[in-house]
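Chain naming follows the written order as A, B, C and D, and within any one chain the residues start at number 1.
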Amino acid sequence: MRTIRYRDALREAIREEMTRDTSVFIMGEDIEDPFGGSYKVTKGLSTEFGKERVRNTPISELAIAGAALGAAITGMRPIAEIMYLDFTTLSIDQIVNQAAKIRYMSGGQVQVPLVIRTQEGSGNSSGAQHGQCLEAWYAHIPGLKVVMPATPADAKGLLKASIREDNPVVFIENKMLYNIKGEVSDKDEVLGIGKANIIREGQDVTIVSYSRMVHESIKAADSLLEEGISAEIIDLRTIAPLDIDTILRSVAKTHRLVIAHEAVVNGGIGGEVAARVIKEGFDELDAPIERVGSKASPLPFSPLLEKEIVCDFNDIVTAVQSIIPNAKEVTI
Amino acid sequence: MRTIRYRDALREAIREEMTRDTSVFIMGEDIEDPFGGSYKVTKGLSTEFGKERVRNTPISELAIAGAALGAAITGMRPIAEIMYLDFTTLSIDQIVNQAAKIRYMSGGQVQVPLVIRTQEGSGNSSGAQHGQCLEAWYAHIPGLKVVMPATPADAKGLLKASIREDNPVVFIENKMLYNIKGEVSDKDEVLGIGKANIIREGQDVTIVSYSRMVHESIKAADSLLEEGISAEIIDLRTIAPLDIDTILRSVAKTHRLVIAHEAVVNGGIGGEVAARVIKEGFDELDAPIERVGSKASPLPFSPLLEKEIVCDFNDIVTAVQSIIPNAKEVTI
Amino acid sequence: MNEQICFYRQMLRIRQFEQKAISLFEKGELPGFLHSCIGQEAVAVGVCSALEKKDYLFTTHRGHGHVLAKGMDMKRMVSELYAKSTGSNRGKGGSMHIMDVSVGVLGANGVVGAGIPMASGTALSSKMKKDGRVTVAFFGDGASNTGAFHEGINLAAVWGLPTIFLCENNKFSESTSVKNHQRVERISERAKAFGIPGIHVDGMDVEAVAKAAANSVVRARNGEGPTLIEADTYRFLGHYLGDQVEYRNEDEHAEWVLKDPIVQIEKHLEQAGLLNEELKKNLIQEIDAEIDNAVDYAVNSADPHPNEAMDHIFV
Amino acid sequence: MNEQICFYRQMLRIRQFEQKAISLFEKGELPGFLHSCIGQEAVAVGVCSALEKKDYLFTTHRGHGHVLAKGMDMKRMVSELYAKSTGSNRGKGGSMHIMDVSVGVLGANGVVGAGIPMASGTALSSKMKKDGRVTVAFFGDGASNTGAFHEGINLAAVWGLPTIFLCENNKFSESTSVKNHQRVERISERAKAFGIPGIHVDGMDVEAVAKAAANSVVRARNGEGPTLIEADTYRFLGHYLGDQVEYRNEDEHAEWVLKDPIVQIEKHLEQAGLLNEELKKNLIQEIDAEIDNAVDYAVNSADPHPNEAMDHIFV
């Protein structure tokens, strides 16, 4: 075990998979050394593996995704980096109309070992076009897996899994997590895509979250504990497929559910989780399901206004309190 | 009142608005006469209004949306036709990153009277890239309104409203509705965007639906009536903004809710509706909320397989039955 | 067989195939849409004459000629048009998504232009693996206005990939004349934007096409990068079956019909004493027999089982 | 004022402004990112000298020079960089989305290339309304590889719209040299793809830029359609403030710094006896006073009220 940063964990995953398998390569804008990528995830890789396998591209998001797809169906295992999730809008025909469907449309003639790596998230005044959380779009598309790690260990283990996966994966990092540190195994640990993680056990309420909001959920749970509320925290890690069983088991214990994500509430993954729990765990629920997310607005430039729009642990605390009428004694 | 087809109702709306206001114009692929558009909605318009106001474009979906947006912020009222919703993936940067946000980002300096007209829907073996129902994507974006008419009267009244609207509207038709007929007023009727319509009253269950599935809901309700179940049918007409009040009032009466749309269940509007009802109408619900939608698959070419994937009235009937244990006598 | 007879036979085969498909479609036997390539046979045959089986090919909604010329098995192809379980795509693709990996046909596409960046990707694969393959992407004049065209070709140019970008300028994008959807005279001029060779060729002359393609394939295999070829041709029928073609300029049409690539090569072969009515009849008979056989195969094949609907989404 | 002095003064004003912005940013006073246009002043000033106030302008993330040259009020501009309520965008846009409709500045953009099709749209507006306006879209060498570039300019070409597509080839797309992101020698060659004039101009020579822009504006106003202008220039600093610029070729850099557009015109004016140290000092003083005044205004302006966060989403 070592304590390393999220960005380093990602780099290690790419490095190890490129070492292990010569068909793995990465392409994207400004990823080569000495620049090493906008968020420095690929720093050092072109020096180590050469510019044949770590390829700078022109500003051509559609072609990046399309070319990666072409390579994927002919035996390579490309990682396509799209600098900001906002710019995946420009690649989305290739991701959604092509990559997600080509195996199906062809009756199974090809497999698509393609990773689209990108990042999202607000919090640094990047404005309306550099921080949107649109993971719900991708989760709505049959044929795509959507992975959203919250910790360095998950970043590494899930990126390795995504690279080894024979189906297209949209791998979404969060720009505010690149510097967080965490313990990461020294071994070749590959996590399972589609498995949620109970990162804290609790009795009174289940908080379901993923990516950056996991950390806000932890803060919220800490604060709730002070008023005697014990929260169980589930990190989804993968939003498609959704590990509904883990959620249902937890709700069967706590009987209360709050879902928290940075994306806008309306149309976010929270609605999907809520609807699934309502259908499959209706009798378990003692209170309405609360969703926490950002307000329905583009992201403003002003840091002050940005804070108004984007949700944080306070919103989670409030949501939990709203469905637990009276604070109780600590139960664990 | 006259009985006209959905496609004619749309054409009338455009024609009347172009007559009324010279800043209204339409652009898109192959919309000029004599072709008159892939689905013939614009037939006759270029002959009547000239090719300055009814403009064929190259195959350039990004530029169509972008140019329409540029025109919209400088005093025109463009209608941009994107032939298939599947191809709006190619315009989506301009729709989502630009049109939806430019008013906000500029601090209110511009308004965006822009209509993106497109169509979706399966049922004619168009395959995986010519029928996807991705309205949930657009409904997730703050700054967009999303309109989905089910009848000729709504098609006309809502398209007129969308053209007069000073905010960007994604107006989604359904290709299997173009030939349906219905009564349409002779007057200049402009409907309100964001208002659902109770198209049939009932006591036992509320069926919320929109676009083509409204017609399947009617069939389902007819069939349910035979077994003594009285369904109230709500046609959302607009999915963003969502008329949650109308839904809640109905659920407060029926205490049971089924949501039906042609889009894939997972990540569709149904989840959003369910989550809202759970939160705001928790105590009213006597049974789990059921969602009806298409299976999580790309659309297959084979008509037989397509029928397997896409939901229809039978699925609605089954969903209703699953939450009403014993068929009762007819209550109305 | 003499190369020219071989070209002729292949073009004829495509023509007869398309005519059969039309008649089946008109009888309501084929679901979905049909986009006929009649008039454009010389491009398909000429280009594919320069390719090997291992090479990759991307095509469009108007791709029957391309895939036949590339060597796709006609039985599996017709079965796909019939949406049968024996179809190349098991009935999930249809004409607009037809694919046959076994002969390098990596797919038709329902999204205009979308095959272009994918073709850069398969060529990248070949370059990295040094497998000696080239990739051809077919597309139309209309497609040359898409962002995918610009980004996809630029990428191949920058990386020096073994790709041939083959634009069939058939004068129409659906109902829109090429004169109204771009202002550049020659689409091959667009190669200048990428710093790669742009070649203009008479797409009604199969030998001219074959030669241009062969040269570009050599360039590609030698690691000299991509080429853009514009083949001047004409869409003899409507955009799709059912199109009323009211927008067509009949003079222009008549002019082009005179250049029918099959008629041209027939004349040529007849003059050279290589073709007579007898041989022609035999060829047609042989071709029609193959087609009928393929149709029979398809008709007698099973529909896909409903349970297969959810197969092949994920590995 | 003499035209050349006027150019000089405007370039100096942009240079001083950018230097101030950098120092404020480095002190942590400005949120977000900053992309400096130092080295490219001649393009902004030359192009805008050909425009009227009513004309429309689209810019990029590197747009301070453009909007200043177009006549944007500096106080509202600096306030926007400070995210103050008095900012042109009320603090919602920042440098990357700066907009001032009152002087035709229709916005910077955070999405590379995205302003290009929008510019075709405003020009379409002008054509339909016959309001005599032209639209200029600024963008970089990197942007010329986007699909938006191809689709947006093609549309303007087909419709004969009054647009000037102004590519500042500053030799970099972030860290990537222009040599590695495209193979074409001159971006102006890309005009050939659209059948419109492509002009290459020395972007360090404000008068050359002004002349090329003026000619294109005349063409546009006369209804002769769009022009693509490539202005050869250089990004003196990093992509953004904080960029370590390790990728830079220092010889290339040194060569270009010698061509500093401000130094060039200074020499020129001095030789012509139009500029001396005294005048220069006065100009700088005057400019710095304006800048300080704008910064004071911004600093003393109120933050937006939290309640405003949800304003301006819909009309």
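The working rule: contacts are C-beta pairs under 8 Å (C-beta built on N, C-alpha and C of every residue); 3 or more make two chains touch, one makes a residue touch a chain.
Since the model is a prediction, treat every value here as computed from it, not as a measurement.
S.K.: With chain centres set to the mean of the C-alpha atoms, which chain is at the far end from chain A?
M.R.: C
S.K.: Using mean CA coordinates as chain centres, what's the gap between chain B and chain C in Å?
M.R.: 36
S.K.: Can you check how far apart chain C and chain D are, centre to centre, with Cα atoms defining each centre and the answer in Å?
M.R.: Taking the mean C-alpha position of each chain, the two centres sit 45 Å apart.
S.K.: Averaged over CA atoms, how far is the centre of chain B from the centre of chain D? Could you give it in whole Å?
M.R.: 41
S.K.: Among all residues of chain C, which ones touch two or more of the remaining chains?
M.R.: Touching at least two other chains: 89, 91-93, 97, 109-111, 145-148, 151, 154, 158, 180-182, 313.
S.K.: Among the residues of chain B, which ones contact at least 2 other chains?
M.R.: Residue numbers touching two or more other chains: 57-58, 60-62, 86-87, 90, 93, 97, 104-105, 127-129, 142-143, 295-298, 300-301.
S.K.: How would one label the connectivity among the chains shown: line, ring, star, complete, or other?
M.R.: complete
S.K.: So in the complex, which bits of chain B are touching chain A?
M.R.: 62, 86-87, 89-90, 92-93, 96-97, 100-101, 104-105, 127-129, 134, 136-137, 139-143, 240, 242, 263-264, 266-272, 274-275, 278-280, 282, 287-291, 295-298, 300-301
S.K.: Please output the residues of chain C touching chain A within their complex, sorted ascending.
M.R.: Checking each residue of chain C against chain A gives 56, 87-93, 97, 99-101, 106-107, 109-111, 114, 116-126, 128-129, 135, 147-148, 151-152, 154-155, 158-159, 311-315.
S.K.: Looking at the complex, which residues from chain B come into contact with chain D?
M.R.: 25, 52-53, 55, 57-58, 60-76, 78, 93-94, 97-98, 102-111, 142-143, 145, 166-167
S.K.: Sort out for me which residues of chain D touch chain A in the complex.
M.R.: Residue positions touching the partner: 31-33, 83, 89, 91-94, 96-97, 109-113, 142-143, 145-147, 173-176, 180-182, 244, 246-247, 303-304, 306, 308-310, 313.
S.K.: So in the complex, the part of chain A that touches chain D is made up of which residues?
M.R.: Touching chain D from chain A are residues 29-30, 32, 34-35, 38, 56-60, 62, 86-87, 90, 124-130, 295-298, 300-305, 308-309.
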